[in-house]
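Since the structure comes first, as structure tokens, the remarks are kept for the end.
Naming follows writing order (A, B and C), and every chain is counted from residue 1.
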Amino acid sequence: MAILEIKNVSKFFGGLAANSDVSFDVHEGTIMGLIGPNGAGKTTLFNCITGYYPPSKGEVIFNGRKLNGLDPDKVCMLGMVRTWQKVRPLAKLSVVDNVMVGALARTGSLKVAREMAMEQIKVVRMEHRTNFLAGGLPIGERKKLEVARALATQPKILLLDEVMGGLNPAESEEIIQLILDIKQRGLTQMVIEHDMKAIMRISDRIVVLTSGEKLTEGSPQEVVSNPDVISAYLGEPHA
Amino acid sequence: MNKSILKSAFGILLLVGLLLIPRYVESPYALHMMILLFLSVAQGQSWNILGGYAGQHSVGHAAYFGVGAYTTMMLMHSKNIVPWVGVWAGVAAVIVVALIIGSICFRLRGPYFVLASIAVAEIMRLSAINLTTLTNGAEGILATELPAFKIGATVVTDFVTKVPFYYIGLFLVLLTIGVTYWVQHSKLGYFFQAIREDQDAAHSLGINIALYKNIALVISAVLTSLAGSFYGIYVGFVDPPTVLGLDVSVQIMLICIIGGMGTLWGPVLGSLILVPLSEALRSNMVTDLLVKIGLVNAESKIGIFLKENLSHAHVLLYGILVVLVILFMPDGLMGFVKKLALRRKREAV
Amino acid sequence: MAVFLQSLISGILIGGVYALIGIGLTLIFGVMRVINFAHGDILMVGMYLTYMIFTLLGIDPFVSVLITFPLMFLFGGFLQKVFINRVLDALAQNQILLTIGLGLIMSNTVMLIFTSDYKILSTSYSSATIKVGGGVSVSTPLLISFLITAAITAALYWFLLKTDTGQAIRATAQDRDAAQLMGINVKRMSIIAFGLGSALAGTAGALISPTYYIFPQVGSVFTLKAFVITVLGGMGSVVGATLGGVLIGITESMSAVYISSGWKDVVVFVLFLLVLLFKPSGLMGKSRT
């Protein structure tokens, strides 16, 4: 069943189309990969889906409910949460307090929120950092903190924007395992990623964007063997 | 565990000490100083909730201070409404003002909010000057005759000495610290700080930004209004510059900047520094001291100049303090102390 | 009709000076993204400088602009180099607080030196007027100051548009990082921008000194006006600030005549809030997110 339906979504800035007429479905419990060259409109699409920009045209339907124009906080309460390409830790709060902010979306009790937060900190294996200030963490741990904080809001779908960007191979491998773990728990995910190898391993399906438009969609094997995709990545030096 | 017992024991002792002071200290001047200190702590704590925790740096808190003070004084002066009733009218007025300001300003970010907060305070000040029939204009309102406070037929206090004001001031301090503590240890505190640290991130985590900013503003404004009403009643006089001027807003903010924004004890620390310092300048203690230790001759040109002018210059000191704090301790004294403690801890490990 | 024309003309004349103040602030904001809360106090320093030159050396305020402008430029450059430069990457609120602190230091130091008494710089033409006809007359000092303002503004436009340094400043304002990558000395541009901004504010102070009371706290009014002007015109837009200044001048003199002089500042601030509410990017500004 499709948990998230993107229907003919377009987003214009002035006269420029950052997304035009993008459509695809994300099915419950799967991982959807979103790839494309720089400037293809991946993050803009995330922003349109999660309520940071209203789409100029088209519809975003989540769990049968139309989201267009709904604010990010409402979107989060409905069960959709995203992480940021450029991480946004709450720098002067500790790791556990960061994750608690997420948990407090679901409970008014600090005690319950703390328990929920500790659970997610365990999931990302950062127990040893519980009381560290988020602003002082190395990049790899900030990325994991973003994921833990998002998970603490108890989402039905998680949108990850380049969680492996800027990480070394060992850290990336850890994140891959984390994403697969999260899938095991039945959570739907949508992942923007540059690392092709990683995205091939984790995705059930992949959507390819170029210049704001959907180029193709399919299983990792279908996508990787599509000549259009290859030329989009290798053939056009200006892309 | 031991530490927390020690902390609460110290707190209780301090409180008992503060409660007992008026029994043993009779000097009106000493009590006056304590009342000024209490007022400053209450102002700082109130601002801290919006500015320190929620990160919305209002430079217009004079609006709430002044509206609280004016409402109470106007009602007492022209309608004979007792101040402990008028205070609540002030609170109601301030809530209305705060919600109007909030709905305009919180759609904006960063510098725009600061500018709008100043503009609103200035509108209030100019209105107080121009609405002469209500506010008596630039002359201000003088109302020193306080009715006795009675419960039933028993007179609790007739406000002849400074003692009742001392206790009201102390109550305000406890109230504002209590509210701040409650905020800090509830969902609100987490949401406020999340908004302060990163508004977009907070938004994505399900926090209704506009709602929680407005909650922070209303809490902060109501407490500031109480402080304003207290000031009006204690001094017995309000006029536009002393309760609605830009200086007032800056001074309220300063208490937190110097002490440390977004910490429970920052405003207390800031007041402990600012109030005695400005009082020392105002009452010429500094000049007297300089003369006493022989640095300056009282009869010399410099001595006379200092005596005549230094008492007006306490604001200069504010300016120098702000610049020094921002350049060298941007997290205020509390942040500075915390950093030192952390460093020591690390060295010990 | 004569009343309307009269207030329109005086509005435009005083608006010219406001434009100068606003351009200074917007230039500083554009290049450094710092809102200068000491702007009015810098203007106040310019007023006192003019006053001193007048009383000590007997030089006419409109002539002494030639001295005030470079001195205030140096003063601004000094402020930038010693103070502002250290907080360029700090939080916006820290920048604001720093400039508030600097403003307090300026106004209170001046108060220590000159006391808080109002000073008046009276020239032979301070209260002279020129009849234009139709019952409309123009204050001579206001007219002269407007002409000087117009000349300075024209020179500034030429500087920003035609000289290499001017273009480098505009490039820095457009994108600081990119400008740095293109080999522009961003630090130097910042010093020049703050110096220019201060020189413009100081000059405005000099130009109004024959018609205004001079006292240490005079600055805060102008700081607030400068904000209104720049926000109205769109933060960072020099053309916007020019128009904004004239618009505020007209609004003020119109509301002084048709509402009351006590409420004219309220009208300006309400206008400001309305702009924030409905078009926060300003009349000339592009929206920034």
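To be clear about the criterion, contacts are C-beta pairs under 8 Å (C-beta built on N, C-alpha and C of every residue); 3 or more make two chains touch, one makes a residue touch a chain.
These numbers were taken from a predicted model, which means no experiment stands behind them.
Which one chain sits nearest the middle, judging by mean Cα positions?
Smallest offset from the overall C-alpha mean is found for B.
Highest contact-pair count belongs to which two chains?
More C-beta pairs are in contact between B-C than between any other chains.
What is the distance in Å between the mean C-alpha positions of chain A and chain C?
Distance between chain centres, rounded to whole Å: 47 Å.
Return the distance between the CA-based centres of chain B and chain C, expressed in whole Å.
32
How many Å are there between the centre of chain A and the centre of chain B, using C-alpha atoms for each centre?
A distance of 44 Å separates the two centres.
In their complex, what parts of chain A are in touch with chain B?
Residues 50, 52, 71-73, 76-77, 81-82, 84, 88-93, 97, 100-102, 104-105, 108, 110, 113, 149-150, 153 of chain A touch chain B in their complex.
List the residues on chain B that touch chain C in their complex, please.
55, 57, 59, 104-105, 107-108, 110-112, 114-116, 118-120, 122-123, 126-127, 129-130, 246, 250, 253, 257, 309-310, 312-313, 315-316, 318-323, 326-327, 330
Report the residues of chain C in contact with chain B in the complex, numbered from low to high.
Touching chain B: residues 35, 83, 86-87, 90-94, 96-98, 100-109, 111-112, 115-116, 220, 224, 227-228, 231, 235, 260, 262-263, 265-266, 269-270, 272-273, 276-277, 280 of chain C.
Which residues of chain B touch chain A in their complex?
185-187, 190-191, 193-194, 197-198, 200-209, 262
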